[in-house]
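Just below sit the structures, each encoded as structure tokens.
Each of the two complexes below includes chain A, the first together with chain B, the second together with chain C.
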Partner chain A sequence: MVATNHILVTPIYFIALPLFFAFLLPLLGKIYKSFIRIVPGLMFAYLAWMAVVLLLYVYKTGNPVIVKIAGWAPPIGIDLVFDQFTGFIATVIAILGFLVWMYSYLFKKVEFDNALKYFLLLMLIYAGSIGVVITGDLFNQFVFLEITGISAYALTAFYRGRDGAEAAFKYLLIGSFASTFVLLGILLIYTQLGTLNMADIARNIDKMDPTIKVIAFILLFTGFGIEAEMFPLNGWAPDAYSQSPGPIGAVFASMTSKAGLYALIRLSFTIFDFSSANELLFIMGILTLVFAEGIALRQEKIKRMLAYSSIGQIGLIMIAFSFNTYLGVFAGIFLMLNHALVKSLLFFSASFLAYNSPHKYIKDIQGFARYMPVTALMFGIGVFAIIGFPPFSGFWSKFYLLSAMAEKNFVILIILVLSVSLIELVYYFRVLHKLYFAEPTGEYQPHTPRWNAMLAMVLLALIIIAIGVYPDLVTGFIGKAAHAIMDKTTYINSVFSI
Partner chain B sequence: MKKAIAIILLAFIAVELFVVFYKIPFGADRMNVARFYLENSPKKLGVANAVTAIVVNFRGFDTLGEVTVLFLASTALGSILFRRREIHTRLSHLRTSVEASVIVRIAGRFLVPLIILLGAYVFIHGHLTPGGGFQGGVIIATGFLFLLLAYRKFTIEHRTITFVESLAGITFAGIGLIGIFLGKTFLENFLPAGKLNDLLSGGIIPLIYIAIGFKVAAELTGILDTVLSISIDVKQKEIESQTEKNE
Partner chain C sequence: MNTLVVLLLILFGGGIIAYFAYNIHKIVGDIWLVLVGFAASIYYIGYLDVSQVLNIHLAGFVLTLALNSFSWIFGLLIAVLLPLVALYSIPYMKGQDRLGWFYMLFLFSVGGMYGILMAGDWLTLFIFWEIMTWSSYLIVIYRRSEDAPRVGLKYLIFSAIGAYSLLTAIVLIGANVHSLSISKFFEVLPMHSLGFKVLVGSLMLIGFGVKAAVMPLHVWAPDAYSTTPMNYTSMFSGALSKMGIYGIGLIVINLYYHSGISLAGEIVAWFGAITAVLATYYALIQKDAKRLMAWSSVAQLGYIVAGLGIGTKLSVFAGIYLAVLHGLFKANLFMAIGAVERQAGTTNFSELRALIRKMPWTFFSALISVIVLAGIPPLSGFVGKWMLYESMITSGHYVIVVFLFLASVAGFLYAFRFLFGVFLGQEEKEFEHVKEANPFMTVPMLLIALFLIVLGTFPGIMFKYIARSMADLGFYGVTYKMSVLTNDWGQSINMQYIAASLVIVFVLFLIVLTWVAYKNSRNVTTKDIHTSGEPPSEEDNYHFSENFYRPFQRAFAFVYKYAITPVYNEFARGIEDFFQYVRRLYTGNAQTYALYVLLFLAILFLIAKNIH
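Moving on to the complex of A and B:
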């Protein structure tokens, strides 16, 4: 915990800097118009670098970096916890934040006001998602959930059409329920224990009245489940994914849903002591997986298909965590990493493939591989990686998932996961087939990505292949992360030792 | 059938919540953290109003988040209703045709400066008396609402609003960052705490509350103006459809 008060590298910057620059951005835009693109980029780059530095520090020393805010140690004040688990997820979000910025660097080049709003919301949704992950305080997590949620509604309604407004309104309604449930849950805990710090709640949780504890858990689980796109609370997700600007689909998949998922895991693993929490996670995971993949098979629009596939992956991750074994949690974290990388690549490439088509039907992009070979190749890499072909990162995540299941002798589950992969294969290959082998309709003009978007996609594809060829790049970090989330006592002790 | 199931489910949730909340004894002493706040906010922070100490210092990080939520809400509203506002500026002559009564206009002249003064008083004395940045900001926004209702010609310059809210936001986050640069933690007090009950006491707490006051006032005024311009737009559509009918 040496780095707690370091001036250049401290986890507080993940939240303080995006908020500071979000407030500053309108003024910067008045000085020089391109500042609204450049300044967020410098900030994202700095934070991504800082995340890597912090993660390496935590990995090498084994000490989590815990920061007090306003000088008060927990449980009096709010603390940020950057340990092996939260740090890993925060690093993934930080790196993807930078790549999303690079991808959308030239977004709305001509419309200044819209570009300003876009970069402002991007910084805030990033700060909110990282905040949910690294905060050590339950109410603070609620505040960040609100920031994430409201910037997501605004981004869904970004193109001011009728469909966008409808999707945003739907999301707003469900999201308000999520916030209310979370707030009620926090209220119940506070009336019982008089504290809001997660570690403090976790060590006193057995002092709670059993009925109140169950209800509080259900309220919190439902609330965060909505943000994590858990079945049946994910009605907002396909609309939001398909109505928001292209790169925001990647943001939803890699940041907001990961933040919700993290909250669910922290709730079940650390804060509450129910052994049945894992069973709940398991059942919801299975339901989410089966329904989402089944619906994805019938989608005609590419972004909706990707959205349902994304929900399916969330189900898979929930199943992996529900085993509560080292191998299961390890597979779950690997799946989270894989999903964040691959789904971002798929959204990046798909939004350029379907750039000029207003409704983003799959048939609109047929034969586009001959016009935009590199983008189509990127989409292809994403497809192979998400289904789990070697030598891509998806192979290892599914491999570890299956070994976790084999370790517990869940034969039926293995069959289920493999058949779900088969469904994925069918609907993804249908798109690939159209993309590569069908005759172009000529109805829509292809739109070749600019250099910045191309660079972002190539970088993502390289990361995916590098992890696929040499998984030891990340397995060390994931292993420590799995140990960190499963070890409740160390978490509590390290929070109170500062 | 669907509705019946929905009602039964809602009733079930309501009963469960009622049972749970009924169990919580009223006024029971569960104040583990809160007792610390009550005892230490005058002693260690030099702040007479314990609520302010909690909002701005102990849980100031949450407040920074809540201020951001408000900022986002006004931005999101502006982005959803943006196109309508363009229509309204084109039809600004319409606003002048429905003027408020003389009583409202004259009273506005007297009351608005007083309302703004009261709002400023509330947020400047946030660390001493009940109230603070959020309350003071809302009071100031009601003053502008009065002007908008009384004088149809009165328009709010959105550039000024953006400028004020940006500057206030930077001040809040910037004061927090200064704490880090001085080797302390984020949002930690780095100014002398002063004497309890003095206007100049509490270190950075009054500064932050003043920034919040400006920010809340600017944002709520912006939201009011945006909402008002849609209602006028809707009215214009009604008039247009009526003239079509008459023709």
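Moving on to the complex of A and C:
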């Protein structure tokens, strides 16, 4: 807790800087048009660097960085907790944020207004997602969830077509259910305990009236479940993924869904003491996995297919966490990392494929490898990683996940998960085969990725291969993160020791 | 430095460099490929320190690299094939594009095979297994032919089924044995429950069985073997399939015979025998040399699996011996088919005619390989089959012997069909321009043929290593003689006498033939025949390439009636249809989604009493 109020490196900046620059962006754009691209980039780069510095500090000293806002100590004031677990997730989001910015640096080069809107919303969704993860206050989390949600609705309706508006409307409708439920849940807790601090709630949770406790839990679980894209609450997700601009698919996969998932996990692991929470996570995880992957098999549009696949991965992560064993949680965090990296790579490359196909159908992309060899290769690497071929990073998370299942002797579950994996393999390789083997239907002058997008994809691919070849790059961090989320007492104590 | 790591570095590093070398110039790449091939081979045979063990701590696991004499013998097979195939590839792949990509994957897959053989723990084995799988998959689809997506996907799905079974078994071992070491696993296994043994063993056998193309997991093999460029198929069928055999050997012997479930071994042997019979019968009716040999590979692997499954000293010995032999002669046959494909432009029996005079060296090496395949004395195939049958009769597996005998007889038929279809028959104008293949192609083939002949007369050369590897499987005191085969009934055969007498008979026959032919000879063309007093015209075809074995096919129609592929297809379609139906859950209607949310909430409230 030494670096709590360091002037250059403090978790407050994760929230303060994006909000600040988001308000400033229109003004900056008036001064010099390219500022709307450059300034967010500098900020994302700085925050990614800062996240890594903070994470290394936390990793080495073993002390979480906890910041109290406005000088009020918890439980009265709001605190930001950057510990081994939240810090890891926040770092993943921060790095992905920077890569998304790099990928979309030249986005809407000529349309100033659209570009301004895009970068502004990108910063907001980023601030919201990281905020959800690092805040230590339940109401504060709700606020960040709203920031994330509202910017996500706007991004879904970014292209002002009928489809975009429809998708955004669905998202808005279901999202408002989420906010209502979360808010109701928080209210119930507040009326009972008179506190909004997560650590404080966790400390006093057994003082709650049992009935109200269950109701609050159900409301919060449903609310966060919507944001985490849990089946059957995820009807909005495929539309939102496929209607939003290309890079936003990656943002949904790597940031917003992670934020929702984090909230769900924090709810089950720290705030409430229900053992059934894990069973609930387990059942919903299996349903989410099986339905999403199966439906992905029958998708005709590439981005919708990726969206369902992304939801399937979330189901897998939920299963991993539901074991509540070290190995399971470890696998879950590793899966979260891989999901963020690999799905981003897939969305990055696939959005160029979809961009160049007239109707965004999978059958339209046939033979595109000829025109976009690097993009196709990147998609291929993404597919290999998500299937879990060694030496790509997906292999290790899969292996840990199965080990966690074997530890509990869930043979049937292993078989189920691997069968679903087989379905996944089929639909991904179908696309890959279309990409490489089929003859192109006509002559194309495709929009190939520019250098910045190329660089972002290659960097992601290199990270994926590096982790695959040498997983110890991240296993240390993940191990500490797993300990941190499972150890409720330390979390409570460290919050109150400042 | 650890010699095992050096070998892997030669192959994987060599693969990456090969990619760039081919992008500089084809000649640079070819030289590099041959260099890597010979370097790896010489290093393996001459410099590899078998006693070395390397432990790598990675991601909380201990990855172990260590060879033993059982795996060494499979590595030897690869080491023999690799430089020859590398030489063969130079002219074979001439004119193809993306050669750098091809050879990178080629060397990766060979590196993967060596990695599997060196693996001292299951995780290492699995990692290299998957590297081998995806690199070979990418080679299968390398040509981007019309049915490449179908063939590739089929290969990939079955590989994945195998890999996932393996993976399940591995994580179960990790959880129950608390160590992933292979030797430790076999050590403690007898102490585990029967259920665990059977579960893990079956999963492993499925995993390895896919690569060894054991029925009913074989459906990928005929397509994949025949679609791949032939220079890789010779490695694919020759060496890569042996990785499955290696695994089955490990499992069956260690798991079943040393921990007392011999019934499981019997079942494996039965799977092998049935595979041998059915695949042979399918090989018979193929219309393409590639597919015929692909089915033949499946059949031959069936023999080997049957041998390993019986699990007596002699049968395992025979199995390993046949595995090495199959690696050699099948590689040779696929090389020969590749040479024919390159020179004549087709491998279809109904088009090919009488290449014997055009491609005599190719014919010779194919002939030797076919003799080995059919198990005719004096060549080495006979030795292998002799041992296999004897081991089965002495251990009382009479029914399996009958099965294998049926397969062997039918094996003669397809072996002849192959020789006749490609090399014999009447010459056609169409193939007049065909010349013998490039020496880079024929010399490796002839070298293998020579090696096969030597092995037939002196099988003891190979026996030495096999006997050593048997000790690793727990069979001690395996004795053998250089050229004399003995059996339990006290009979013995000296292969040298057989070879010598056959050579003498052959030479005498040649002398007589020459003598007779000299006395009353006249030059004829191949069309110089008369039917019912009517000379056929040039266009009349007397080549029985269509429905070559129709009577046979009719007689065994009941065998051909059943096929497993439609069953798999139906199953896949069923799943697709099911999810097509399920997909309707996502109606695209916001009201429905809102309803789902409320229903979910309602269900949670209903079960709220159970949340504690």
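Following the convention adopted for this analysis, the second predicted complex is superposed on the first by the 494 of 498 C-alpha atoms of A that agree within 3 Å, B and C clash if a C-alpha of one lies under 4 Å from a C-alpha of the other, contacts with A are read in each partner's own complex, and residues count from 1 in each chain.
We take it that contacts are C-beta pairs under 8 Å (C-beta built on N, C-alpha and C of every residue); 3 or more make two chains touch, one makes a residue touch a chain.
Values in this document were obtained by computation on a predicted structure and should not be read as measured data.
Enquirer: Which partner chains sit in contact with A:V110 here, chain B, chain C, both or neither? Use first/second/both/neither.
Expert: neither
Enquirer: Which partner does A:I412 contact after superposing on A: first (chain B), second (chain C), both, neither?
Expert: In the superposition, A:I412 contacts neither chain B nor chain C.
Enquirer: Contacts for A:I215 in the overlay, against chain B (first) and chain C (second): which applies, first, second, both or neither?
Expert: The answer is both, since A:I215 touches chain B and chain C.
Enquirer: For A:L184, decide between first (touching chain B), second (touching chain C), both and neither.
Expert: Once the two structures are laid over each other on A, A:L184 reaches chain B alone.
Enquirer: Now for A:I31: first (chain B), second (chain C), both, or neither, which partner does it touch?
Expert: neither
Enquirer: Would you check which partner chain A:I7 touches, where first means chain B only, second means chain C only, and both and neither mean what they say?
Expert: In the superposition, A:I7 contacts chain B only.
Enquirer: Just to be sure I read the superposition right, which of the two partners does A:G71 touch: chain B = first, chain C = second, or both, or neither?
Expert: In the superposition, A:G71 touches chain B alone.
Enquirer: I'd like to check the shared interface: which positions of chain A are touched by both chain B and chain C across the two complexes?
Expert: In the superposed arrangement, which is not itself an observed complex, chain A uses residues 215 for both chain B and chain C.
Enquirer: With touch defined as at the start, can you tell me which chain C residues reach chain A in the complex?
Expert: 58-60, 123, 126-127, 130-131, 133-134, 141, 144, 148-149, 152-153, 156-157, 160-161, 164, 167-168, 171-172, 174-176, 199, 575-576, 578-580, 582-583, 585-588, 590, 592-594, 596-597, 599-601, 604-605, 608, 610-612
Enquirer: Please name which positions on chain A make contact with chain B in the complex.
Expert: So the residues of chain A touching chain B come out as 5, 7, 10, 12, 16, 19-20, 22-27, 67-72, 75-78, 117, 120-121, 124, 127, 131, 139-140, 143-144, 146-147, 150-151, 153-154, 157-158, 160, 165, 168, 184, 188, 190-196, 209, 211-212, 215.
Enquirer: For chain B, which residues count as touching chain A in their complex?
Expert: For this pair, the touching residues of chain B are 16-17, 19-21, 23-24, 28, 30-34, 36-37, 57-62, 64-66, 68-69, 71-73, 75-76, 79-80, 82-83, 162-163, 165-170, 172-174, 176-177, 179-181, 183-189.
Enquirer: Flag every residue of chain A that touches chain C in the complex, lowest number first.
Expert: 169-170, 173-174, 177, 181, 214-215, 217-219, 221-222, 225-226, 232-233, 235-236, 238-239, 274-277, 280, 291, 294-295, 297-298, 384, 387, 389-391, 395-396, 398-399, 402-403, 405-407, 409, 411, 414-415, 418, 421-423, 425-426, 429-430, 433-434, 436-438, 470-472, 475
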